[in-house]
Structures are given as structure tokens and as C-alpha cells.
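Each in C-alpha cells, the structures are laid out below.
Look for chain A in each of the two complexes below; its partner is chain B in the first and chain C in the second.
Presenting the complex of A and B:
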């Protein structure tokens, strides 16, 4: 009994640094954020307690309601697009072929480019009058191509989601899927081959169930990344107002704009609380949906 | 022997190094040391570096902290919020000075000015008005920039159109833009973050109400947006895009409304003949003035030294160097009249009166509003040009967002 207590104390001692960090850098900021969201804090001046006024005003604001809609749409589509792409890349890398290491390096390389630099590079590529892509299309077509990729409501989402394929999040997903695919027992495929199963059938009946815990992990991680990390990609790409016409103004952009352009810290904190709740809701929803679909061997 | 000689040389070098290091704070010990915040890079030419000249003139060591323009206002707000004393002099923008004064983040300068050679009655009228209601003078304008129209003389010659004058009407501008449009060349560029407001103010809207601090746009904005949309549809003006190229500088647009500070950038760098004129007059002659104010951080530990530096920078020599370096006139009328802001490298400019006329017509407008509000409005104006909103919808939505934000 005394030994067990001593072991527990030792274990607690080892995780103490993490607990201190968690309290200082996660718990305290969350409490501070909630508290600030109940005030009219600006960047300068003394804040006053205003109760739930920020939340009431938020739900009357067309800008916020649009941003909420864009955030939900952006998160769902981004998770699907990046996960599917990462899976395709991982499946290709899982094939036994020469130079696999080089392919893996090449697929992962864009992921280590900082999002901001990536966004600026793509902004240049997708320009209208001086864009690289339009220039290339003009050469191929032999006539002027002036597609306004990032400002046309028909193409902006296409471009933004295309760019997300090159972010760190997608590269990370690919590596995780890749490690999972390598662990799928080969005899399952051999048995399926004997039964004459097609490649598609093998994927949906063997591969996907076997790596379903990783799909769940990537979905949750991708969601949180889309909610919080999209700022670094979208701010240099479409600006803090989420051009065109607020179509890309996700909540993280709106929070930045309210806090650092309008100096409304209380309101921005209230928006952050909503983002926090949204991330939690997405996480819970994914776990609920995955309850019946994720297969654990043990 | 060699070792001993080497030791002596090394010891000598160390002593020299220590002496050299010691000489840096020597100036600080004599005249003090101050730090100033700005968003502009310091001029690399020593003869045009006003901070270096201020050091020489006052004996105060001046450290310059350059903060990128996109983060400048929020960084200063954070400094005031946390009673930061790392900067003694802050160049504060129009939309922040009132908040900083009310929060006690900057000192009133009236006591200093009482014994100073700076003549505050010499400031251009708009600057003097900006201090109204603050209960004192909290900042001194470092310069007075304005908005003007740049035009490509070669394109005007080729089209056989007379050059713009300072009494050009808005109708003259539209007619010329249409004639100047050819395949691959636009008649004019799209208004930028600054000059949207020149167009809207010129069309008769107040833009900014100094009494209430509100954004005031309506029929003028609708009218100007309708005109711009028409010009985009006719290919006279490009539609908004992610292109970062300056169409005027690239020789792809004949006219462009931009800040006067672009004179310094264009001087000697454009491979065509160009000149300037005032923004064409629509219902009223309108353009926005731009400046920053030298302010004294209330938490500074070096106020006397900081004031000495401000006094130099606002004096004739400091203002003249600033004008030569930035191409911006002084906000002090007698110094501006001397014309140091007429950048020598801008050899193709003949109509320098455009600057003085613009300054005379200039007001502090949209720059007094939160940048999130004006940025949001410009985003909606761009949506009109892209055909995603009507001008009426854009004006209503921009006003609605401004009402939610201002006075929070």
C-alpha cells in the first residue's frame, strides 16, 4: 500500500511540470477570456462589467452570423478535403515501389513551408492580371485568360481548399495514415484476393476499418486545426474582412479584426468563447458519430 | 617575446573596445537617451536622417523602434494599456490620440509649449481642429500628407488629351479615363484603402463626423460606387483582385488616386513621364489628410530629454529634413511654404501646386475611425465592383457594422 502511494506520488511529480504549464497557459487564459468576454474591455481604458451584452449583440450582428456560417462550412469541407487527399497520398506511398522515400519527402515538403509564406506565394500564383496561373493558361489557350481566382465567388472556395492541401496539417495527416496503413496485416488482403475482392472493396472493407482510429484522430485534429489555424492561411490570402464579400471570414479572422483593428477586446473575447465552444462541439460530434464506426482491435 | 608583444596588442585592443563601448552611453550620460516609435524605416542617408540630426543637435541619444505599419496601432495600444515605458516618444495616429489622451497614456504638452519656440498657431487649420475637445495639446503633427492624382503624361500625349489641372471636375476625369482606356491599359486604377474616401467625400458625404465620431456615408457613397461599378463594367477601371502590382507604376493605368507619399517612391523609378494634380472636384473638393503626432509617453522616465528631441523635430531644421526625406510637407505653414518637400528626384513634376491645393482642401476624415470599420467598408465597396452587392446594400451594411463598432 505504501509502495503504491509512493509510486503515485512519483508519477504525480513527473507530470507536475505539464500540470503547471496546463494551468498557466491553458486554464488561466480560458478563465481570463471568459471573464473579459463579460466586460466592455478595449485596448486602452478601464473595462466595465456588462454581463452578457457582448453575446446578445453578437447574435444580432450580420457580420458574426455570416462568420459563424462560413466557419462551420469551412471546417467541415477543409477536414474532408484534407483527409481525403492525405489518404490518397498515403495509399500511393504504401505501394511497394522504388524511391518511396523520395516521394514521401516530396509530398511532405510543402507542408513544412510556413502557412503565411505559402499563402503569399499562392496569392501571386492566383492573381488576375499578373498571376502566374492565368499567364500559363493564356499561353496554353493562345488568348487572354483573366480569371479572378480569389475574388470571384465561383472560384474562391476552390482555390482556398486547393491551397489547404499544401498545409502542414495535410502533411501530418498523410504521415499518420501512412504509418497506419503499414500496420494493416497483409494476410487480410491475401484472403480478400482469394475471394476475388476488388481494390475498392478491399479499401472499404479492410483498409478503412483497420485504420479507423487514425481517421478519428485525424478528423478531430483537422477540425481543431481548421478552426484555429486557418487564420495564418486566410489572413494573407483574403484579408481580415474575408474577401470577397465576407465569404472567407472565419471566426479567427473576425476575432483578430475586433481585437486588433477595432480594439474591442471584450467583444473579441466573447467571439473566442464561441470559437472554443464550436471546437468542443465539433470534437464531441465526431466522437459520437465515430462511436459505431471506429474499430479497435483490442 | 612574441607572446608578450601579442599580449600587449590584445590588451590594447580590449582597452580600445571597452573605451569604444563606453563612448556610446557617453552621449546618454550627457544629454540623456530616448526611444521613439515609428512605422517608417529610418532614412539610410545620414544627411536625411532626422533622428541622427536630432542627436547631434540636442546631445540626446535617440533610439528608433520601427514597428510594421499593419501592427503599429495595436502595438501602441498595448503599450499604453500596460503602462509600458520602453518608448518615450510615440508617433500616434489620428484615430488613437483621443483614446490615449483620455486613458492618461500620453501627457498634455501645453506646459512644455508655453516655453517653446514652436508656434502652434502656425499649424494648418485641420490640425488645429483635431485637438479641439481634447482639453489640451497632446500631440504635434510630424508632417501633413495628402491624397493626389498621379497621371501618365505619355499616355495623355498619345491620346491627344490635355493634362489634368487642379480645377479639373470629376466629369473631366471620367471622360478622360474613358478616352485613355485601350486594350491592356486602364483609364484609371481602382481607388485604394485611402482614396475610396476621397471619392465618397467628393461626392458629398461627410465621411466622418468629429462630433459623434461616427462614419457618415449615404447618397455620396452610392453615387461614387455606382460610377466605379460602371467604369469596371466598361473596363476603364480594373476590378478588385489579389494582384499586388501597382498598375500605374507598371504602365497599365493612365491615372491613379493615391497618397502624396508615393511621390518619393515614384521619383526616379518610373520609366515614363508623369505628373500630379489634385483629386478632381465632384460635388466638393475633398481629400483626406494624413499625419502622425509626436506624443510624450506619460510613463516615460526621460520626459525632459524626450521634449528636447520633439522640439528639434518640430523645429525648422527637423521639419525640413523630414520633408526632404519623406516628400511630405510640414504641418507648420511657414515651413511648408519653403517647399523642402518638392523632391528633387521627381523631375517630371511641374504641378507642385497640386500638393498645396490638396493640403488646403484636406480634412481629417476616415483616418479618425477604427481601421476595422474602414477596412470592412472597403471590402464591401469591392464587393459592389465585383457585382456581388448593390451600392445601396454595401453602404447600408458598412454603416451597420460601423454603428456596431464605434462607441463600444
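Presenting the complex of A and C:
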């Protein structure tokens, strides 16, 4: 009994930094966010309580509704596109051949390149006048190609999702899938080979079920990264207004714009509340779809 | 004979696919590295990857006309302050979660998992206002101080690693009269050096690349990090035209790519191994 009590006290002291951090940097900001969202707080001056007016205005604003739509679309597509690409790279690397070390270096290195550097590289690669892609297409086609990939409504999503393949998120997923693939027992494949199963069938019937917990982890992690990391990629890529025409203006960009360009902190806080709820909704949705929760042993 | 040649063709096709993917993934990096050696005129008029006439003028420019050494020092300072803080605080918090029994352990752990799911960007506005009230804006305090109070993600990683050490270690030491504090500092920490290295590497990569928080919290040039400098230091409003010095940006970006590249080549067991472990539950 006395031992247990002493252990409780010791554990409390070890955990103390987290308790303080959790209260100061999570609980308090959440409360503060909700409170500020009910005011007309600006960068300067005294805020006034205005009830739910920010939320009413928000749902009447075409910019917000567009941004909400873009965020949901961007998050879902980014998670799928990056997970599939990460899986392809992991499967390629899982095939034991010479030079795999060099291939992994090439596949992973873009992930540790700062997103600003990537964004600027791709702004010029997909640029209109001296862009690498237009240059290549000009060579192939024989005539000048002048597509402004990032500012053309028809190509912007294609290009932006292509760029997400180079983010940290993709590299992380690839390495996680790789370690999962390495753990799938060989004899399962040997048995399938005897039955004459095709490579595609083996992938869907053996590989995927065997690494399903990692798929779930990557989906959850990918959603958070898409909601969180999209700012660092899209802000230098398409700007706070999400060019062209708000097509890439995810909520985090809108929050930044409302807070720093329009100086409306109250409204930006209301938007943050929505983003917060959206993240929770995504988390719950993934666990419901997967039909099982990740089990944490004690 | 037939199956053997089929196998060889298979191998060759595999290599070709791997090489194509490698070329795609490496293109932006090559583009940045070679772009730094092009003149601005060439960069904005030619789409060739290889510079026609390699020049060092961009490097001369970024070292002469922008305090790039200062930006780099700033980034390293921020990286060191946050990484040191999170190593110390997160490992302390993870220890009892991994190796002790105490009341409320389950609740604490569940909250830590739940907070891992909150995207930081959702809380950045209230944090911005809060830090503004206590006069912390335009400094590194809003980034360094929270790091000293344990990041949930790193707590989780430390816990995973600590759990893999044999439980008898603590028990034997306690029977010998060691306190929990002594067990942690004298036994667990020395045995977990690779773990500390792993989390240090992941944290350094994160802060070297971090843009979002500095963009929100830093205003003045003297605290600029490399990532903000890339966005703002090489663009000008000349007359009424908005000019972006792409070639200099590529030179500065090249400087930013080199440290992670070296890190991968020298410490890949920590970087690659560490990321792999993040998926193990």
C-alpha cells in the first residue's frame, strides 16, 4: 500500500512536465479559442462579445464554404494518392535486388527536403515560360507548349496532388509500409504460389490484410498530416488565397489570411474551431470505416 | 530454360520501373541543385536542367546581400532549443508510462494519444493571441518553451522504445535500493542512447524544415529562419514589378538540402529506423 502510494507520487513528478504542457498549451488554448470565436477580436482594440455571429457569417460566406469543401477534398485525395504511391515504392523496394540502398535513398530523400524548397522548385518546374514540364512537352510535341499548370483550373489539382508525393508524409508512409512488408511470412506466398495465384491476387489476399494495422495507422497519420502540413506546402505554392480562384484554399490558409491579412482574430478563431472539429470527424470516420480500433496493450 | 529467361526479363523490367520512379522522385532535387548554378536570366528563359554556363553568382549573392549565416544560425539555434527540450521532457514523461504502475495511467495515456490527433494548426491562432499577451511574439519562446513540456508524439515514441527493455532491470535495481529517479538516469537513459539519437534526428529534421510556426510567430529579420528567408528574402518590389530571384532561391534551397542529405547518408539507421518504428503499435 505504502509502496503504491510512493510510486504514484514518483510517477506524478515524472509526468509533471506533460501535465503543465497539456494544460498551458492545449487545454487553455482550446478554451481560449472557443471564447475568442464568440467575439469580434481584431489585432488591435478591445474585443466585444458578439455571440454566434462569426459562425452565422461563416456559413453564409461563399469563401468559407468553398474552403471547407476544398479541405475535405484535399485531405481525402491526398491521403489516398500518397498512400498508394508510398505502397508502390515500398513494394518496389521489397523486391530484393542489387542497388536497393540507392533506390531507397532516391525515393526517400525528397521527404526531408523543406516543403518551401519543394514548393518553389515545383512552381518553376510547372512554370509557364521556362518550366521543365513545358520544356519536355515542347520537345516531344515539336511545337511550343505554354500551360500555366499551377494557375490553370484544369491542371491545378493534378499538379498539386503530384507534388504531395514528395512530402515527408509520403516518405514516412513508404518506410512504415516497407517494414510491414518485410514482416509478412514468406511461406504464405509460397502456399499461394502452389495454388497458382497471380501477383495482384496475392497482394489483395495476403499482403494487404497482413499489413492492415499499418494501413490504418498511415490513414490516421496521413489525415493529420494533410490537415496540418498542407499549410507549409500550399502557402509557398499557391499563396494564402489558394490560387487559382480559391481552388486550393484549405482552411489553414483561410485562417492565416483572416488573421493576418484581414486582422480578424475572432473570425479566425471560429474557423479554427471548425478545423479542430473536422480533424476529430476525420479521426472518427477512419476508425468507423476500418471497423476496428488499433489496440494499445497496457 | 524458358522460366529462367522469363525470370531475367522480370528482373530487368523491375529495374527499369525502379529507375523511372527514382528519376521522378529525384527530379526536384536535381532541379534545385542545378538551378543554383544558373544565371537568373537562364533560369527564367530556359527549361534545360543543366546550366549552359555554370555560375557562382547566386551563391555570392546570397552570402553577400543577405545575412544567410545568421538565418542558418537562427535555424540551428531553434532546432537545438526545441530538440534538447523535447528529449529531456518527453523521455521523463514516457518512463512511468512504459515501466511503472500508477493510478490514472490509462487516462493519461489515452489523453496523450488523443492529443496526437489534434493538428497543431487548429490551435495556432489562440496560441498566437496567448503568446502575444505575455509578450512572446517575434521570439523563439512560443516554439522552444512548449518543447520543454513534452510533445505527445515523442512521449509515445519513447514509451514504445522503453517498453522493449527487459522489465527485470528496474526490479533488480529497486531491490538493490535504487530510487526510480536513479533507475531512470543510471540504467534506462544509458541503455537508450540509440533511442535518444533517433528522436533527436527526427526532431532536428522537423525543425530544420518547419515553416508554419515561424511564419506565424516571427516578424523581424533578426529572427528569420532559413525557411522564412527562402520565402521572403529573395523577392523584391522593384518599381511596380514584383520580382522573384528564383536562381538565388535555388542556391539557398541547395544549402538547406545538404544537411538532411548528409544526415541520411551518415545516420540512416536513426532516421530510417526511427520513422519505421513510428508505425509499430
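Just so it is clear, the second predicted complex is superposed on the first by the 278 of 298 C-alpha atoms of A that agree within 3 Å, B and C clash if a C-alpha of one lies under 4 Å from a C-alpha of the other, contacts with A are read in each partner's own complex, and residues count from 1 in each chain.
Rule of thumb we're sticking to: contacts are C-beta pairs under 8 Å (C-beta built on N, C-alpha and C of every residue); 3 or more make two chains touch, one makes a residue touch a chain.
Everything numeric in this text was worked out from a predicted model, so none of it was measured.
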- request: For A:130, decide between first (touching chain B), second (touching chain C), both and neither.
  value: both
Task: Return the chain, chain B or chain C, that is in touch with more residues of chain A.
output: C
Partner chain(s) touched by A:116 [first = chain B, second = chain C, both, neither]: second
Task: Name the contact category of A:198: first (chain B only), second (chain C only), both, or neither.
output: neither
Query: Thinking of the overlay built on chain A, is A:261 touched by chain B (first), by chain C (second), by both, or by neither?
result: first
Field: Which superposed partner A:154 touches (first chain B, second chain C, both, neither)
entry: neither
Message: Residues of chain A that sit at the chain B interface in one complex and at the chain C interface in the other, please.
response: 124, 129-131, 259
Task: Quick one: which bits of chain A touch chain C in the complex? Just the residue numbers, please.
output: 4, 7-8, 10-12, 14-15, 17-18, 20-22, 24-26, 28-30, 32-33, 36, 41, 88-89, 92, 95, 97, 102-110, 112-118, 120-122, 124-125, 129-132, 134-136, 138, 165-166, 168, 171-172, 175-176, 178-180, 213-214, 217-218, 220-221, 224, 227-228, 231-232, 235-236, 252, 255-256, 259, 265, 268-269, 272, 275-276, 279-280, 283, 294-296, 298
- line: Residue positions on chain B within touch of chain A in the complex are 71, 74, 77-78, 80-81, 99-100, 102-103, 105, 238-245, 247, 250, 252, 370-373, 375-376, 378-380, 382-383, 386, 388-389, 397, 400-401, 404-405, 408
- request: Would you pull the chain A residues touching chain B in the complex into a rising list?
  value: 40, 42-45, 57, 61-63, 123-124, 126-131, 148-153, 237, 239-246, 257-264, 266-267
Query: Which chain C residues qualify as touching chain A in the complex?
result: 11, 14-15, 17-18, 21-22, 25-29, 31-32, 35, 43-49, 89, 92-93, 95-97, 100-103, 105-106, 108-109, 111-113, 115-130, 146, 148-150, 152, 155, 179-181, 184, 205, 208-212, 215-216, 226-227, 230-231, 246, 249-250, 253, 256-257, 260-261, 263-265, 271-272, 275-276, 278-281
